[in-house]
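Shared between the two complexes below is chain A, which has chain B as its partner in the first and chain C in the second.
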Partner chain A sequence: MSLSPVTVIWVGVFCLFGIGLYGLLAVRNLIKVIVALQILVKMAMLALVAASYSVDKLALGQSLAVMVMVADTIVAVIGLALAVQVQQRLGTLDIVELSRLRK
Partner chain B sequence: MLYVVLILGLVICAIFAVRAKQMLTAVLWLIGTSAVLSVLFYIMGACRLAVIELSVGAGLIAVLFVFAISIASDEPVTLSSLVPRPLAWVFVVLAVGFTAWRVLPTGGSMVPVNGCVESTVLWHERSLDTLIQVFLIFAGVIGMLGLLSGSRKRPPVGLEAEGDEL
Partner chain C sequence: MTMSRWLIVLIIGVPWLGAVVLRLVDDRRARLQHFLAAAFACITGAVSVALLFSSSGEAALSLPLGEVFGTFTFVPDAFGVSLSAIAAVIGCLAVIFSVDYMQGEAQLGRYYSFILLFIGAMAGLVLSGNLLLLFFFWEITALCSYVLISFYNDDPNAVKGGLQALIVTQLGGVGLLAGALIIQANLGTYQISTFLAEAHTLPAGVLSLAAFGCLFAAAAKSAQAPFHYWLPGAMEAPTPVTALIHAATMVNAGVYLLARFYPAFEAVPGWKTAVVTVGSVTALIAGIMAITAVDLKRVLAYSTVSQLGYMVYAIGVGGVFASQFHLFSHAIFKALLFLAAGTVIHSVGTRDMRQMGGLGRSMPYARAVFIVGSLALTGIPIFNGFWSKELVLESGAAVGPSWAYIIMLLGAGLTAIYTIRMVWMVFYKPAASEEHYHDAAPYMRVSLGVLAAGVVVGWLLVGPLGRMMERTLPYHHLHGLTLPELFAEAFRGAPLTLAIVFAGFVLYLALRRFAALWDRFDWLARFADMDFGFSWISDRFAGAVQGIAEGARVTQTGQLNWNIFGLVLGLIVILAVLIVGAA
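Presenting the complex of A and B:
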C-alpha cells in the first residue's frame, strides 16, 4: 500500500497538532508553553499550504500562511517579553505558582 | 518516500522540542522543526514561504528565544505536569481524532502547481489584511519596547536617600 503525499502531510499535521496540544496541556514552564504554541502554529501553516495545494490554489495558501507567520512572530515576541518580565519581577516561570500569586 | 522522511523528521523534532528538559535544547529542536518544515514547503512548491519560514521561524524566533532564555535563566524543567498526563493524552487523542474526522474527507489528490503568484493575492485580493498586518507589526514592536523598557531595575528608596545624603 502506497500513501499519497497529501495523506502523509495530513498525518504530519495531525501529529503536530497532538504534540502541540499535549505541550500546552502538560508543560508548566512559560517559555516552553510558547514553544508548544509555536508548534501549533507551524501545524496551522502546514495545513493551510497542504489544503491550498490540494485544490490548486497555492498562492492563496501561501499568503494566508505568511500572515499567520507574522501574527505568530508578534505573539512570540510579546510572550517572551512577558516571560522575561515575570521572571525578573516574580522570580518564577511556573504557571501554577503564578496562578497562586494572583490569589 | 521523501515526504514520509520529512514528516517523520518534523514530528521527531517537535516531540523533542516539547519533551526537552533544558529550554535551550527545546529551542534548538524547534529550529530543527522550522528547517524541516521549510524544506517541505519548498518541495510542495511554496518556495517563497519556505524562504520566509527559514529566515523567520529558524532565525528571528530562535534569536528571540535565546535572548529571553539568557535573561530568564536556563534552569532544567523538572516540574510535574500541569494536568495529569493520562488526562492530557485523552484530550489529545479526542482532539486529534475529531479534527481528523472533520478534515480528512476534504483532502483530495495532489495537483501540480505552476509558479508562485502569492504576491498578486497578497497585494490585490487581500490588501486590507496586509494593511491590518502592518498595524499589527507596529503594535507588536511598540508593545515589546514598552515591556522591555520596564525591566530596568530601579534602586530601592532607602539607597536613593543614602546616595543623596552622601
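Presenting the complex of A and C:
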C-alpha cells in the first residue's frame, strides 16, 4: 500500500489537531497552553498548504501560510510576555489558580 | 458618490481613532476622557446622519485585495445607512448618558475606547458589501460586547456573563463563516450583491446549507431560542452599554443578516418556516420569563429577546420592511427604557425590583420617560412601538401560519403583563424604604429626553425610510409605506391587538388581587426561572468539557519517563507511516 504525500499531510493535520486540543484540555500551565495553541495554528498552516495543493493553487496556500506565520508569531510573543508578567507579579502560572486569584 | 465615500471612511475612522486616543489618555484625567469620548461619539453621530442623505445602492468604496479576499466594498444602501445611523446616534446618546452614569468609576479609558470601537465596527458591519468583511466586523462587535459585559472584572458574575456571551456569539460566527465560505466556493466571490443576484443558480443543497448557516448565526447573535440565555447574562454590563449594544444595535445584527439575505434564501424549502418558528417560539418563552423575573434589567433583557423574536418572525412571513421598521422603533424605545432603568439603578443601587417601589415621587423625570418607553413597548397608539408592531402582526396575519400568528398575539398580551408589572413594582408599589433618591442628572436628562422625543415622533419617518429602501435595495422588491397607508395598515388589526393588551392589563390586576390564582401558575414560574432548561443544557455541556479536561489531566504526570516514552512512541508512528507510505 502506498500513501500519496497529500494523504500523509492530512494525517499530520489531524494528528496536530488532536495533540493541540488535548493540550488545551489537559494542560494547566500557561506556557504549555500557549504551546498547545501554537500547535493548533501549525495545524491550520499545514491544512492551508495541503488544501491549496489539492486544488492546484500551491503558491496561494503557501503565501497564506507565511501570513499566518507572521500573525501567529505576534500572538506567541505577546502570550509569552504576558506569561512572564503573570509569573513575576502573581507567582504562579497555573491557569485554574490564576482565575481564582481575582482581586 | 465621493461624498458618501468620505462619510463611510469617517463613520468607521472617527470612532476608531477615538478608541485609540482614549486608550492613550491617562486614567486620572477623567474629565478629559468624558469630554473626548462625547466629542468623538457626537461627530460620529453627525456623520451618520449626513450619510442618511447620500444613500445609494452602488458600492461607494472598494478596496481590491487580490484573489483570496476579493474586493472589500462598502455599500451605503438603506439597511446600511439606517442601521449605522441607529448605532452612531444611540451610541452618542449612551456616551453622553455615561458622563453622569460612570462618574467616579475607574478605568474609563477602557470603557470608552471599547464603546467607540464598537460603534465603528457596527457601522462597518452594516455597511460592508463583502461577506468576509462582514464577518470581520461581526467578530469585532462580539469582542467589544465581551469586554464591556465583563467591564467590572472583579465580579465573577460579570466575567461569567461575558464569557457566555462571547462563546455563544462566536458559535454563531462559525455559522456565518461557514455560509460565507460555501458561497465563495460555489460562486467564486464574497460580494453580497453578486450572491443575491445569482443565488438561484446555486444547487439547492448548497443554498440551503448557506441559508441555515445564516439562520444559526442570526439566532446566536440576536439571542433567539435556543441561544437566548446569553442576553440576560449580559446584563452585568454597565447600563449604557446594555442600552447601546444589547438592546439597540448588536443584537439586531442577526435580524439584519436575515433581512439582507432574504431574497436569496426566500425560496429555500423550509427556511421561512424555520425562521417563523424560531421567532415565534422565542417571543413566547421570553415573554413568559419576563413575567417572573425580579431583576429590572433582566425583565428588559427578556423583553428585548421577545421583541427580537417579533422581528425574526416578520422576516419569516416575508415582511422585511415591517421587520426593519420594528427594529428601528425598538432600538429607540428599548434604549430609552434601559437608560431610564439605569437612572433608577444608579440612584437606588440595586437591580432587584422587590427592593424598589414608590420611586415615582422622588424621580418624576425618570418615571415620565420610563412610562413613555413602556407605552411604546406595549404598543399603545401614537407611540412608535404601536405602529411597527401592528405592521409586523399585519404582515403575519395575511401569509404566515396561523398558529404562529396566534402566538404573536399572545406575545402582545404577555408584553402588557410584564410591562405593567415592571412599572408598578418600580414606581408605584408602596415604597420599600423611606429614603429619598435623586432624580436623573443633567447629562442623563439630555439623552433620555432626546430618546423620549424619538419614541413619540420617530414613526413619522416611515415614508422616507420606505422610499430609501425601495430605491437602494434592488433585490428585495420592497414596498415602503406612506403615512396614510401606515394608518390604514395599523388600524386594521389594532382593535384586536389592543383588546389583547387590555386583557393582559386586566389579567395582571386580577392576578394581583387573587393571590391564589397567581399561585396556580407557580409551576410555570419555577420552570421559567430555570430558563426552560436551556441554560441547564449549556451548563451541563460546559461541565462535561470540564470533566473531560480533568480526565485528560491524569495523563499529565510530569514524569520524565512517561514523556520520553511518548516521544519514542510518536517517532515510531511517524516512521511507520513513512515506511508504509514509501512501500
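By our rule, the second predicted complex is superposed on the first by the 102 of 103 C-alpha atoms of A that agree within 3 Å, B and C clash if a C-alpha of one lies under 4 Å from a C-alpha of the other, contacts with A are read in each partner's own complex, and residues count from 1 in each chain.
The working rule: a residue touches a chain if its C-beta (ideal position, glycine included) is under 8 Å from a C-beta of that chain, and two chains touch if they have at least 3 such contacts.
Owing to the predicted nature of the structure, the values given are computational and were not obtained by experimental measurement.
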Chain B versus chain C as contact partner of A:Met45, first or second or both or neither: first
Contacts of A:Ala36 with chain B and chain C, given as first, second, both or neither: first
Which of chain B and chain C A:Leu98 touches, first, second, both or neither: neither
First, second, both or neither for A:Val84, with chain B first and chain C second: first
Partner with the higher number of touched chain A residues, chain C or chain B: B
First (chain B), second (chain C), both or neither touched by A:Leu60: both
Partner chain in contact with A:Val11 - chain B first, chain C second, else both or neither: both
Touching partner for A:Tyr22 - first (chain B), second (chain C), both, neither: both
Residues of chain A at both interfaces, chain B in one complex, chain C in the other: 3, 5, 7-8, 11, 22, 25-28, 60
Chain C residues within the chain A interface of the complex: 67-68, 153-154, 156, 159, 545, 548-549, 552-553, 555-556, 577-578, 580-583
Chain C-facing residues of chain A, complex: 1-3, 5, 7-8, 11, 22, 25-28, 60, 64, 102-103
Of chain A, residues touching chain B in the complex: 3-12, 14-23, 25-29, 31-32, 34-36, 38-39, 42, 45-47, 49-51, 53-56, 58-63, 65-67, 69-71, 73-74, 76-78, 80-85, 87-88, 93-96
In the complex, chain B residues that touch chain A: 3-4, 7, 10-11, 14-15, 17-18, 23, 26-27, 30, 33-34, 37, 40-41, 44-46, 48-49, 52-53, 56-57, 60-61, 64-65, 67-69, 71-73, 77, 79-83, 85, 88-89, 91-93, 95-96, 99-100, 103-104, 106-111, 113, 116-118, 120-122, 126, 129-130, 133, 136-137, 139-140, 143-144, 147-148, 150-151, 153
